[in-house]
Amino acid sequence: MKLIKAVIRPDRLNDVLKALYRVEVKGMTVSRVHGHGAEAETVETYRGTTVKMELTEKIMIDVGVSEPYVEATIDAIVENARTGDVGDGKIFVLPVERVVRIRTGEVDSAAVTPVK
Amino acid sequence: MKLIKAVIRPDRLNDVLKALYRVEVKGMTVSRVHGHGAEAETVETYRGTTVKMELTEKIMIDVGVSEPYVEATIDAIVENARTGDVGDGKIFVLPVERVVRIRTGEVDSAAVTPVK
Amino acid sequence: MKLIKAVIRPDRLNDVLKALYRVEVKGMTVSRVHGHGAEAETVETYRGTTVKMELTEKIMIDVGVSEPYVEATIDAIVENARTGDVGDGKIFVLPVERVVRIRTGEVDSAAVTPVK
Amino acid sequence: MISAPDTAWVLISTALVLLMTPALAFFYGGLVRSKNALNTMMMSFIAMSVAGVLWPLVGYSLAFGEGNSFIGDFSMVLMNGVDLEANGTIPHMLFFAFQGTFAIITAALVSGAVVGRMAFPAYMAFIGAWLVLVYAPVTHWVWGGGWVDHTLGALDFAGGAVVHVNAGAAALVAAYVLGPRKDYGRQALLPHNVPFVLLGAGLLWFGWFGFNGGSALAADGIAVLAFTNTMLAPAATLLVWAILDLMNTKRVTAVGLATGVVVGLVSITPAAGFVSPVSALVIGALAAVPSYFALEWRARTRLDDSLDVFAAHGLGGIVGAILTGVFAQTSLGSPAAGLVEGNPGQVLSQALSVIAVFAYSGILTVGILKAIGLVLPLRVDDKQERQGLDLANHGEEAYSTGEGALLLLDDEAVGVFDMDPDHDKPSRFVTTSEEAR
Amino acid sequence: MISAPDTAWVLISTALVLLMTPALAFFYGGLVRSKNALNTMMMSFIAMSVAGVLWPLVGYSLAFGEGNSFIGDFSMVLMNGVDLEANGTIPHMLFFAFQGTFAIITAALVSGAVVGRMAFPAYMAFIGAWLVLVYAPVTHWVWGGGWVDHTLGALDFAGGAVVHVNAGAAALVAAYVLGPRKDYGRQALLPHNVPFVLLGAGLLWFGWFGFNGGSALAADGIAVLAFTNTMLAPAATLLVWAILDLMNTKRVTAVGLATGVVVGLVSITPAAGFVSPVSALVIGALAAVPSYFALEWRARTRLDDSLDVFAAHGLGGIVGAILTGVFAQTSLGSPAAGLVEGNPGQVLSQALSVIAVFAYSGILTVGILKAIGLVLPLRVDDKQERQGLDLANHGEEAYSTGEGALLLLDDEAVGVFDMDPDHDKPSRFVTTSEEAR
Amino acid sequence: MISAPDTAWVLISTALVLLMTPALAFFYGGLVRSKNALNTMMMSFIAMSVAGVLWPLVGYSLAFGEGNSFIGDFSMVLMNGVDLEANGTIPHMLFFAFQGTFAIITAALVSGAVVGRMAFPAYMAFIGAWLVLVYAPVTHWVWGGGWVDHTLGALDFAGGAVVHVNAGAAALVAAYVLGPRKDYGRQALLPHNVPFVLLGAGLLWFGWFGFNGGSALAADGIAVLAFTNTMLAPAATLLVWAILDLMNTKRVTAVGLATGVVVGLVSITPAAGFVSPVSALVIGALAAVPSYFALEWRARTRLDDSLDVFAAHGLGGIVGAILTGVFAQTSLGSPAAGLVEGNPGQVLSQALSVIAVFAYSGILTVGILKAIGLVLPLRVDDKQERQGLDLANHGEEAYSTGEGALLLLDDEAVGVFDMDPDHDKPSRFVTTSEEAR
């Protein structure tokens, strides 16, 4: 079991969702985050105050998948989140020791396989 | 040391908090996330635009616990977050190599034991 | 490769960002979270309703770094996020199996080294 | 004879009172959770439609038609005879419009008791029926030549009984009939947007100058008196409220302050044109106390009058109505003297009018709700309640980020007006299995 | 001779109409994504500046100067001769101010068609040019003694053609000339703040009482009639809209309701002082239908009139203008009889006036945009569009948390007024490598 | 003799001015961080209570009682003699109410300088004392028959000196006495809700028509002139502001625009009824410049006048007051001629009045704050400042999600009104160790 954490651009989310759907990865958790990286910073001005905004809006996707799905998931994300400009984001693959489906108590692979 | 990541329904949060308190797990970090799973999707309409909302509101809880607390924590969450309907959420158990308490610099188990 | 997850106070974020910059850690992802710990709870009143607010605002920082940077990153965070009062937060170090830079497909160390 | 300045003043007053309904939408809408924000606001807004249409159809005629002591008649149905001829010093049609805005806001006020659980179609039916069966007759009693005015001689300058006691009673029983929200008493109802509550309170105050000041139906001294009292009474209420808050929680709360504004405004409503400004300060100050403690106490009961319509409007209206009987001065133009001018009987008249309105409104409201309950579900189901009524009743979110929202389009409708053909077409998200490969 | 009550009523009406522009900012601003919220609001606000300055400079003179049948003249440039002498029963200057607020809102209305992509400098240039070249002459045709009034005899009480058809036509072609947003049809445009939309609708309704009621230019029966109709027509529109919504999606939507309010108000605008309240209810009810379906249909096309200015204002205005020809009654003071009084020709006049305004506005708008496009970029680039126009055009975020915002200060500027010298100085975030050690 | 149309106009103007205080709450509240949003708004709202009660008690009498050249007397304490008799052409009580709304907004204006750190009880004490000791006498000087009017002959149509210079001076020294916020200069103060800032600016503009237009105290030509100028001056300010913004940051900012509206309104306030519309355009345009650069410069100093009350109101008021001396025209009804009519002395009078008000207000404000500081803590402590004043001072959050909020109930209070006994009782969250098992 792996937890795949991907940071992507907000406007790529819908395409990534669709692509994951196509590779049968149907469960995931999404959060709004702010990223800091090599992307150009924006300057904002409010009255006399000028600030450099070091953070840009990103979306983080957490997907728990069993081993056979890892490559497909990564590929689906990379292909659909890529624009080629700096700031496209990163994917982290973390090892997972256990997954539990709260509703049924099922564990591991069974827990991430969607109900039909 | 483990990091237990649980995705639950927002309206179960208070009960989960109380239950964790009872098993002496008193430190945790909570975030608002959106989940995508087998749950029924909602349809929203704004003027002529109809959308299928693929994401539903969830809460993610991150709890760092030392080994002896792992089972109790999982049980407390499962019991209190379960409603039996699709969408109750998942728990992921991740291995942690190190935990540091910023205030004191204490590490690992000492770092997650609450101050009295 | 490690993923360093740090929970800190919102008002320490800017200093932590600057400190990380100085140790050449320039990529990271930041999210708004709520923490629950040993910190004093606040009581709020809305008309006849009085509530104990168990959660306080925190910031979570996720930094993926290659091994040589781990200590420097932790030190930078600890030093700059510390106020000495209860509630300063925690750092979790998680093992990472793979990192992918979405824009280029580079993996692991190459993926977290900032572009010049 | 029609007076142009009176017409000008009542015109703008009517606009001000109409603004109170959106203001109420914000006052109420800010107090609920975000998942119910739109539903709560819609309950006010839809009153502008339902009551706005029923008033010319039949409501006005039942309220102000000659009829008998208890109800008007159908003589002015569909605004028959409501023309530009003088009614007092303003055109009859303006009086009709001014009164119409009162009907709208009164119906909307009740909604605060049923937020977070009432099904919207049932709510629409309810306020329609309530307007015709409760609001119109009660208005007739007090302002349409009915028994409360003529027989009882009770005073109600701008609607303490007609509007606030009436709505407060309906709210109380509606909360009882519907029952509490499922998570009532377990999950705290925290206001999702307190600035909206303050915005609502500020706009309500602004609009209330039309409500009370306009009720003089002329740009004269009575209007000035009512206006000034509408400014001073809430100021006094606020000060007392702030002191109570400081004593109780050591802090002056914003939601408390917003509530205090409304309580002060409600309390001066029946008295506005009949009492001196100093009396207005006293009335405002006194009115703070019962409402403050009623709010404290209500939250500890099982009575889920969620936004405390009874505590704010019901009690505020009762206190105001009684104190009108105390402070009314014929020297200021009040048609009846109050206790301060040596007429204790007026206090009794006032109390009786309150009881009559309260009882009638309460009983009829139960009846209407039970009757509607036979035809339509009064409440949404538990799952919808958990999910929030914005989604369940309206299919919308108040604050949407658009993430994860996939467009649904009828393929056949696409392209009819396709003016930019080489641009890629809006695509329907396809989930069929062949596509998934 | 100047009448004080008429002056009072037109004064407050003018203030009410001015408030409609901020109201529109909220109506429009709530409908867009948060990344474009400020830009959308600014498009309305800046109209108060651009149109507010051009109106006294030249706009008023072109609209109301004697001139010929098609356009005014330069006789009143820089308010020459616009003084406190009577113009009808109010001071000329007040008429000027009242009309100025109409110019502002009309220019702002168009912006709904171009949100999320138009460059702000080009937008500013556009509304300036449009005001002078389109709004001023069209106003002259209808209210300034021009041919639509004198030759055609078309009725337009408060601006159905001048304001709404005019803006609707401009919006339609502006959306076409600019082309759709890059993600149009792929990413749904969900309103980021529906309560703002409702706030805008509520304030618009409030302001519209000045728009229609004030157009009587007196506190008289016509004002009362226009006012009452402005209250009733949208109520009817809302009810029909709610029913259509229920039939279509089984739910009454809040955005729909807010839209319905505007459609109802638009539709009664040309008719307000000429038709009976019952006709107003009918006009409001009828107007719901075409706009409702146009909204449904537009979203399925490639025409990115993003906030449906054409469907709401254009169509609402057309329907209202035509129905004015149906329901106008000389018995109520209308200068021409409508179909109901046996004058079918009036419907034709109305239709012709609509066509003329529509065609002129549409064609000139294309010309103005094309001309500006030669000098300034009409659209922001794709990256800016993706990033949002608040950042790109204004360098601001609507809702900022301040996280990750590092102050930039000119070191030399610090300390000039340094009154608390032992406090640590504001520090400039330094990123040079020597500093980093 | 009382004139009904004048009464109508001043009535609505009074309501408009009262609305400016909630409007200010939004203008200010949107500019701060969300953790201080309610506190900032409450500072405006509470002025409606403190000033609203002190005005009838004593403030009005000190301002408008006969007294001497420097202060009124106690003859009208508790509104003694403030009745419905004519004062000019309106009832005395209406004049009292109209002036009361000015007192409220002026006190609230000062709060912008002390947000994010001032303890609320000290703030309440401050505005109470300031109203009586500063606002009332200064008003007496200028409008109550005092020396600025009679001896100096300075002009102040609607409160350039009385309201804006006065509040600006108090703000400046209050910011100095309180000292900057702890994170001032290190953490940028980004507006948490720019739409609220725009809403506030829009409503302020709307209300200002009552402020300036109503100051004519009649529905006459002067009101029309003041009204028109109130519409044109800010339009010109905005345009200049936008150009300065474009030159400075290449982008027109929304916060800048909102600020420009206020600056323009402030600058025309002292001149509104005395200058021609073209002069108003010039005044508005000129006023943009000093305020714009003062804002830029202030942010680089250690002076934490957090919301730039001095730069916007103080400077705007000074510029307006001086330019009134330049552009005032007796031909338009100004009691004194300005420089353009060949009276350079008027500019000097204006300057002296500004200096006098500034000095008096500044010195007294220091004294009042120091005195209060002996009794009450002026600032919250550092931890509370970090946590935010909404929690610290009011025990509330502006935007609460309700997550992690556990209900606290007194067990004994539960069940008194328990109407649904089989429903599980509200449970108190129990943390004792036996329960934990």
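Each chain gets a letter, A, B, C, D, E and F, in the order it is written, and its residues are counted from 1.
In the analysis below, a residue touches a chain if its C-beta (ideal position, glycine included) is under 8 Å from a C-beta of that chain, and two chains touch if they have at least 3 such contacts.
Nothing here was measured: the structure is a model prediction, and the numbers come from that model.
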item	value
Intersection of contact partners for chain B and chain C	A, D, E, F
Candidate from A-F, B-F or A-E with the same interface as C-D, over half of contact pairs in common	A-F
Centroid spacing, where centroids are CA-atom means, of chain D and chain F in whole angstrom	30
Averaged-CA centre spacing for the pair chain E and chain C, given as whole angstrom	47
Chain centre separation (chain A, chain C; CA means) in Å	18
Rounded Å distance, chain C centre to chain F centre (Cα mean)	42
Contacts with 2+ other chains: residues of chain D	3-5, 8, 12, 186-191, 193, 199, 249, 251, 253, 255, 297-298, 300, 395-397, 400-401, 403-407, 409, 429
Residues of chain A whose C-beta touches two or more other chains	14, 17, 30-32, 34, 36, 44-46, 49-51, 54-55, 85, 94-95
Chain contact topology (line, ring, star, complete or other)	complete
Chain E-facing residues of chain B, complex	44-51
Complex contact set, residues of chain C against chain E	10, 13-14, 17-18, 21-22, 30, 32, 59
In the complex with chain F, residue positions of chain E that touch it	2-5, 7-8, 11-12, 14-15, 18-19, 21-23, 25-26, 29, 37-38, 41-42, 45-46, 48-53, 56, 78-79, 82, 84, 90-91, 93-94, 96-97, 100-101, 120-121, 124, 193, 196, 199, 390, 393-402, 405-407, 409-410, 413-420, 423-427
Interface residues, chain D side, partner chain C - complex	188-191, 249, 251, 253, 255-256, 259, 295-300, 308
Chain C contact footprint on chain E (complex, rising order)	401, 403-406, 429, 431, 436-437
